[in-house]
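Should a chain be cited, it is by its letter among A, B, C, D and E, assigned in written order, with residues numbered from 1 in that chain.
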Amino acid sequence: MKKRVLFMIAVLVVVGTFWGAIDRIHPFGDVPVAPMDDYYIENAQQERSVNNIVTSIVFDYRGFDTLGEAAVLFTAVCSVLALFRKGRERQ
Amino acid sequence: MWAKVYSGFGYWDVYVWLIFFGITSALVLWLRSLGRDDYKEGTEQDEIFYGSNEVPEDGDDMGVPASSAYWGFVKALKPYYDSLIEIHSGIASDYVGYFVLTVAVLAVLVLL
Amino acid sequence: MTGNAPFIIVGVIFFLGLYAILFERNLIKIAIGISLLEASVNLLLIVLGYRSGGSIPIFTLAGEVRRMVLPTPQALTLTAIVIGLATSALLLSLIMLLYRHYGTLDVREIRRLRG
Amino acid sequence: MNPLSVVVRTICDVFAWFIGIFGIYIIIHGHLTPGGGFQGGAVVATMMAFLLVSYGGKKTLSFAKTGLLSAMETTGLLVFIGAGLLGITSTLFFNFLAGQGGIFGAAVPIGPNSGVLNSAGTISVMNMAVGLEVIGGLSLIILYMFKGIRLFDNASESGETGHDR
Amino acid sequence: MNWQIHLPALVLAIPLLGAFASPVAGLGGRNVRNGWMIFISITTTAMCLLLLQKVLADGTAVYVMGAENWNLTLPSGLSWPIRIILQVDAFSAFMAVVGSIAALAGAFFSLSFMDKFTGLEKFSALYFLLVTGMLGMQLTGDLFNFFVFLEIASVASFGLIAFWRDRPEAVEASFKYMIVSTLSAMFILIAVGFLYGRYNAVNIAAVARMLHMGYAEKIALVFLVVSLTMKCGTVPMHMWTPDAYAEAPAGVTCLLVGVSQASLYGLFRVCFSLYGASLGSSVIPWTIIVMGVLSMFIGVTMAVIQKEIKRLMAYHSVSQIGYILLALGVGLLALRDPQAMADYGFTAMKGGIFHIINYTMYKGLLFLTAGAVYYAAGSRNLNELGGLASVMPHTTFMFFIAAAAIAGIPPFNGFVSKLLIYQSTFAVYPLLAVVALVTSVLTLASFVKVFQTAFLGPAKKKFANVKEVPGSMLIGMSVLTIVIIALTLFPTWTLSHLVEPAAKALVDQAGYISAVMGGGL
């Protein structure tokens, strides 16, 4: 019981600090500077001849992340298949 | 090749140690070779002395189980071990709780 | 106009997820808690990248507006969502196996490994 | 286990095929509209869940070949990493097809436009590869988790003793 | 064109290709699958060694993914990176070599060890994905990319720990690890989100150049530090470690030790390179030191009372992680003070980094020998084992080497790194060195117990037909034994050629930043 109270206090502290941090990043809807994203918006279309900037980031500028993402999905598939594999018949 | 590892306070040289180790083992082997010459292999001198009891066939019946090792140490530290084993409760949400607790404590410490 | 309401929602969902993981006994509810936590983090990323009045960062649909919301958080969130999906699938499979082995979904009774 | 009502099963049966077409549309138009390989693949994989609902496990498992699905998955992944590796004349993941003409390399006008389908270079190749992978992978997950439920019935036949004596 | 500039990418692409093609290789039967596993492992290790050689010769290697040119870190006229950049300094390359050697040994070991299971093509795929995740965490220079690879490693390890899915404990261990690990991954993602929101960049070097401590940065630092210390199994978040390490197949456990080193790498990359000089107060260094001391002591005291051989060793890995955290925490404490750095800080960092390679090698070997005992005797319970030395002489010999090394018996490599750690931490606060010494004594005590009960003693009847393990398992163990003996005989060479460049690279935050931000066109 004492442990539960302690954990509850900890959760409240973590949520409080978390909220305090996001509150101090920048006001909602008001990004001060965004050089990296502005570069994408300006140049993605002519550099990579693609209309969808998000796709150009996902598959080109950060394509390696997407490879990792596909690998995570493959990992999950392999794990699920390994967990539910058909086992050897028991003698 | 013969350089030493300096730690700022002293040094470590593996070759000096190995030479020392070789000399010591030579000395020990020499001392051992001076041992009793009435020892004969394959006689009753080889028999195991088991408290003047019959030596059991299976090794399972002699020998100390591992959980009895260091029982004095464990007994002396019993309160410490009791609290430790209580912490390792095996419940997954407790483990998450300790993680969150650490985050909370460290966050408070850093922000102070 | 909305003020910081999206941030507050992120905080609330984060709290709910953390609460579910810590204080719920049912394994399925714990899995739901983890999904909630993932949702809150994804929402946080998206909210961080919003520019008021910005349009979708896709030229096919954007119209003539040149003020766009930041595209990077959306790309990061796409990745994070797929990772969360993979984790959930594996987590639910493990819960199925645990139920098969232990015959219970109570997290307090799955404690053969302790000490 | 009782099957769902006939209304649900019929609707699932009808909509499964539309969902499949819609998912493939999302995959192919990944570089023009919101969506892409992952989203479209997930939509297509929903088809498998719908089929499970409408036809039941035994029939679905009889025509959904896991070998084919896993081949789709592996093919998608290998095409994806292959498309990345082919760009290694510059760097790994270099978009060597964009703007080069040909089937993937049409140039697009700058600024808002209605889109050119055969543009974007390796991006659309990767979209399709990932779509293939996700279709195979998620369908496999759904099918195997469904099979996992049935493992409860005959648990004795699949045990592995492993290293314990 | 010089192909060696592509080495950082190839190190990651090769095991990934190996994983993706594993289902194809699995169609060819047992020999093709095993050959594929060995081929990919050896190639990866060779690539890592080449990478280390290149990095030591040419300095930090940078590789920009998807740009026209491999060193185009900053597009023309810009001062911020827009692509994923792999950044390999001496520390990264060192860690990659350590991890890939552990992976090689584990791969050899798993060939025969896993024969009693089905679904082995999935096993090899998951194994290579785990290797990829580990190497990716060590080589990447991008925060979000780090998160992605962390997740690859985590998800692969969940699957591998639960691979023996008919053993309830294995599934349970995997589940517990999964809950805690997913939560920590979410915290890491939150921290990345904070840093992105503040600086609109996810590259480590770019963020590090702009970073100044504010509220959000402090919270991000806390989340990163706690999550990553959790991932390497530090008290008080170590409870998943004995479960997971004990229940995973032995070859995988050997690799999991390497993966925990990757988390450790992430921790120190965050502390030294990302925050570094702007860390401000000494709360974080002292936290790491205190966590290290607690890990050492609690880990080893819990290990003394364990009955299961792998669980005992897993508790030891908690305590050994404590040594590394202690040493590098002392280094972090001395970071802002050049005098202290010269006096004891650099020695502590050398000791800690030397301990990383020592720890991975002998702990991997210990887990492999435990797996060999389990394979041959069919039991992990120390109360049942006994008298195995006469029937498994090679395993016994290698176990002896590893146990002597972990206990810090003088000629072995464990002693050298521990000596450096003792003497440098003594300068900070004598009690730290005392705890480290006590831990070392207790380590020796518990390994005497294992050696005496499992290997020595009278032969037991139920182990009468136990034989030495198959050759491929012996090869896997010998790889690590040879590395341990080499580290023992040439500590000076190792320290000056591997450890010192790594320590220097870790301390040199400006160099890390300028490798990305100073280059470009």
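The rule we apply is simple: a contact is a pair of C-beta atoms (placed from the backbone, for glycine too) under 8 Å apart; a residue touches a chain by one contact, two chains touch by 3 or more.
Predicted model, so just to flag it, every value in this text is computed and none were measured.
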Inquiry  = In terms of touching chains, how many steps apart are subunit C and subunit D, taking the shortest path?
reply    = 1
Task = Check every other chain and keep only those touching both subunit B and subunit D; list them.
result = A, C, E
Request  = Farthest from subunit E by Cα centre, which chain is it? Let me know.
outcome  = D
Closest chain to global C-alpha mean, per-chain Cα centroids = E
Inquiry  = From the C-alpha centres, identify the chain that is farthest from subunit B.
reply    = D
Task = Please compute the C-alpha centroid of subunit A, do the same for subunit B, then give the distance between them in whole Å.
result = 45
Note = Taking each chain's mean CA coordinate, subunit B and subunit C are separated, in whole Å, by 46
Message = Could you work out how far the Cα centre of subunit D sits from that of subunit E, in whole Å?
response = 34
Note = Per the C-alpha means, the centres of subunit A and subunit E lie apart by a whole-Å value of 24
Inquiry  = Can you list every residue of subunit A that touches 2 or more other chains, as numbers and ranges?
reply    = 7, 11, 14, 17-18, 22, 25-26, 31, 34, 36-37, 40, 45, 51-52, 54, 58, 60, 62-69, 71-76, 79-81, 83-84, 86-88
Request  = Among the residues of subunit B, pick out those that touch two or more other chains and give their numbers.
outcome  = 88, 92-94, 96-97, 100-101, 103, 107, 111
Query = Got the subunit C residues that touch at least 2 other chains?
reply = 18, 21-23, 30, 44, 48, 58-60, 70, 72, 76, 78-79, 82-83, 85-87, 89-90, 93-94, 97, 110-113
Query = Of all possible chain pairs, which ones touch?
reply = A-B, A-C, A-D, A-E, B-C, B-E, C-D, C-E, D-E
Ask   = subunit D touches which residues of subunit E in the complex?
value = 6, 9, 13, 16-17, 20-21, 23-24, 63-70, 116-118, 164, 166-167, 374-375, 377-379
Ask   = subunit A touches which residues of subunit B in the complex?
value = 94, 97, 100-101, 103-105, 107-108, 111
Query = In the complex of these two chains, what residues of subunit C are touching subunit B?
reply = 18, 21-25, 30, 107-108, 110-115
Message = Give the list of subunit C residues in touch with subunit A in this complex.
response = 2-8, 10-11, 14-15, 18-19, 22-23, 44, 47-53, 57-60, 68, 70-72, 74-76, 78-79, 82-83, 85-87, 89-90, 93-94, 97
Task = Give every residue of subunit B touching subunit C within the complex, in rising order.
result = 85, 88-93, 96-97, 100
